[in-house]
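Given below, in the form of structure tokens, are the structures.
Below are two complexes that have chain A in common, paired first with chain B and then with chain C.
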Partner chain A sequence: MQIPAEAIVFYALTAITVLSGLVVVTSRKLVHSAFALVFAFSGLAGYYVLLSADFLAAAQVLIYVGGILILILFAVMLTHRIESLDIRSETLQLLPAIAGCGAIVVLMLLAVYRTPWAVKEPQVLTQTAQSIGSLFMTDYLLPFEVASVHLLIALVGAVIIAGKRGGQ
Partner chain B sequence: MIGLHHYLVVSAVLFALGMFAIITRKNGVAILMGIELVLNAANLNFVAFSRYVWGGLTGQVFAIFVIMLAAAEAAVMLAIVIAVYDRFQSIDVDRVDSLKG
Partner chain C sequence: MPDPNWSQALRTVAPELTLTIVALIVLVLDLVAGRGRKGALAAIAVVGTLLALGWSVSLWGERLVAYGGMVVADNYSLFFNIAFLAITVLTILLSTSYLRREEADLSEYYVLLLFCTLGMMLMAKGLDLIVIFLGLEILSISNYVLAGFLRTRLQSNESALKYFLLGSFSSAFFLYGIALIYGTTGSTNLGRIAQALQANRDPGPLFQVGMALLLVGFAFKVASVPFHMWTPDAYEGAPTPITAYMSVGPKAAAFAAFLRVFSQPLAAMQGEWAVVLWVLAALTMTVGNVVAIAQPNIKRMLAYSSIAHAGYLLVPMVASGELGTSSLLFYVLAYAFTTLGAFAVVILLSRKGEAGYEIAGYAGLGYTHPVLALAMTLFMLSLGGIPPTAGFVAKFYIFSAAVKAGYIWLTVIGVLTSAVSLYYYLRIVVLMYMREPAEESSAATLTAGPLVTLAIAAFAVLLMGLFPGSIFTLAQSSVFGL
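Our next item is the complex of A and B:
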């Protein structure tokens, strides 16, 4: 029996993503969590490639791995004394959290497998960047502009909040 | 054959992992990482539904908006973390217990 290449890639990506996700949430050291997050985001970019969302995969790598991850690492390193090497993160309420999240997973899996999804035959792979660009300029023009203003406001707000050093 | 279900299961697991981090972590940055995992799980759902059910590019456009919002959120969160650390010498969210006023 021949295993299709798509399945091999999918399960490899699943192993990478879920294992590094586990490291993210369980690791005692914040820096380890941050670097595991790199692999989780890269695995998700791989999923996007499998789902023939090429532009989105590139955006995921550029924005998440290249941008947000760097911001998180900055936050880790600016708020702890690097030389102390004790960048640890305590956990609390372990058992209720495991029970609650397990219940959520079970419920969602039930929903996934009970619902008769109207699955269509997937289309052939095509380049998406051009169509997404024209969607942004036609159907989604207002959300696009609102998002750009939102980004500007968030950046200015971030500078103002972080700029007030020293309290008094 | 890999279908819609596989992606939905992965997404559910990622969502639960992020939820777990949000519930159990005390450190503000670790909570932010949990939020990012949850947002990514939602994104994976958007793209999977867009490919297997809807067929258009709408899901991908929404995923791009989510990435945009996550970037803005991370920037603001970093600023808040730095300001809180400046004041309390800690970013454990249960130690931040006083308001201005």
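Our next item is the complex of A and C:
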């Protein structure tokens, strides 16, 4: 039986993402979690490449791996003695949690398998960046502009919360 | 292709554009205005809000769809937008003297308030889940910061942190719901989702999961039981004018989008979500009112009261239809004016350092400040739903909508919980008139802003209570074509 190359890549990516995700959650050292997060994010970027969403993959690498992760690592490094901090997380109410999560898993699996998916034929690889760009300037102009206002508010808010209060 | 009809597109979002520009002007002028002169900036904010209100009124009666079906300026959204802008003006009036007293007189407060209103307006106008989500996020982010605006106060920090954590959690639910709905119908546009549902009778269980997640996101935002946990702490710790604003503005905005999303594209699935909303409404009315009884702090009591009122607002959503929608609109307006009025009294009676919120402190107010006590009585009667106030007429409309739609038991629960609520609303009235004033109860500091809000709110509550006809006709003409 011939296994398609795409399937191999998909399962490899899945293994990387899920395993490193597990490390992120279970590791007791913050630095280990942060580094495991690199692989989880990169695995996700791999999915985007697999789905020929090149722009999204690049954005994922630039923003998550390049931006947010570096920020986390800087925060870890600049914080005094955070490395020696032992993060303990206790497990409370194990049985109800397992029951609840199990129910959700069953529900989600049922939903995924029973949904009539709209399957499309694989399309020819095209550059998506250009069409995304022109969509932002036409159909999605309003959400694009609103998102920029949203960023401005976040900026102003961050200054208020973290900044020095004048005169006080 | 750019929108061929760009002047119409600009006209559609003119109120929002005005508000954004004014907010930016206030932000920049802050550099020029010296300390202690932020009052001028508040005045600019009020003028700008009134300008946006004027724009909204001038669009009344039209139905402008713009930006490829992203936003619509119909009577439904304009009704809500006019209410939001009025709420904002009243909130600014409540804020100026309070901020000076608490030494947090920064112009960013007004900037964030205006942006928050912008988010609310976009939620009411959005015809696309993306726009609704962005509006929701703008509203939420500004609100988190406003809740924590008294940075030196621990309670304010706690309020902001709790609100932020649970709020972002609920936003994730909301977004996940949107993603699943997009995945199963192929669009985020409300109109196209409706078409996809009509073409394909059974969209599959994943769509239902998406709908459920969306519902959870909305239920969080309107603070419906069992998604109300963040409300009391967030409301208690926030600066009082913001508590007033949060308990009317964002709640109304969430209902505006809630109703539009669930009655337009998801109308076909009404049988499924109406049951869930029925349970949420019954739970919210009961828990909110029962827990409010035991509160010794007036802000906390009004927080639980606002939870209970979210339950009453869910009743017409369950009933749906034209009567349901118009009664919901009327209720939003009545509740907004009543709550803002009650908070105006609370602010007038509070003291520096966020003190003076104990309900026991209201003893004997009828003798020391007869006018304030009279106004508070009016607002409490209205919240409890006793004639001749707006609250009575509003409850009458929503319950008659529920009865007409055949939800007898929900109406029974609603009426019974209203009776329960009378206990804690009237307790304040009893305290004010039948107890001796406490020794150390200090005099209220009567400042102009809250007094104006008080007068406007009292007038509106009486007007809507005595002559509800014209407002209700207005609400009826705001029902969007289903």
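Things worth noting here:
Rule of thumb we're sticking to: the second predicted complex is superposed on the first by the 137 of 168 C-alpha atoms of A that agree within 3 Å, B and C clash if a C-alpha of one lies under 4 Å from a C-alpha of the other, contacts with A are read in each partner's own complex, and residues count from 1 in each chain.
Quick note on the criterion: a contact is a pair of C-beta atoms (placed from the backbone, for glycine too) under 8 Å apart; a residue touches a chain by one contact, two chains touch by 3 or more.
All values derive from a computational prediction rather than experimental measurement.
Of the two partner chains placed by the overlay, chain B and chain C both lie in contact with A:161. In the overlay built on the shared chain, the residue A:149 is in contact with chain C alone; chain B does not reach it. By the touch criterion stated above, A:66 is placed in contact with neither chain B nor chain C. In the overlay built on the shared chain, the residue A:141 is in contact with chain C alone; chain B does not reach it.
Contact with chain B, but none with chain C, is seen for A:17 once the two complexes are overlaid on the shared chain. A count of residues in chain A touched by chain B and by chain C gives the higher number to B. Of the two partner chains, chain B is the only one touched by A:4; chain C is not.
Using the contact criterion defined above for the overlaid structures, shared-chain residue A:112 touches chain B and also reaches chain C. Residues common to the contacts of chain A with chain B and with chain C across the two structures: 108, 112, 118, 140, 143, 147, 150, 154, 157, 159-161, 165-167.
Residue ranges on chain A touching chain C, taken from their complex, read 107-108, 110-112, 114-116, 118, 137-143, 146-147, 149-150, 153-154, 156-157, 159-161, 165-168. For chain C in complex with chain A, the touching residues are 1-3, 13, 20, 27, 35, 66-68, 70-71, 103, 106, 108, 111-112, 115, 118, 122, 128, 130-131, 134-135, 137-138, 141-142, 144-145, 148-149, 151-152, 160, 184, 186, 202, 204-209. Those residues of chain B that touch chain A in the shared complex are 1-10, 12-21, 23-27, 29-30, 32-34, 36-37, 40, 43-44, 47-48, 50-53, 55, 57-58, 60-61, 63-65, 67-83, 85-87, 91-92. On chain A, the positions that touch chain B within their shared complex are 4, 6-7, 10, 14, 17-18, 21-22, 24-25, 30, 33-34, 37, 40-41, 44, 47-48, 50-53, 55-56, 59-60, 63-64, 67-68, 71-72, 74-76, 78-79, 89-94, 96-98, 100-102, 104-105, 108-109, 112-113, 117-120, 122-123, 128, 131-132, 135-136, 140, 143, 147, 150-151, 154-155, 157-162, 164-167.
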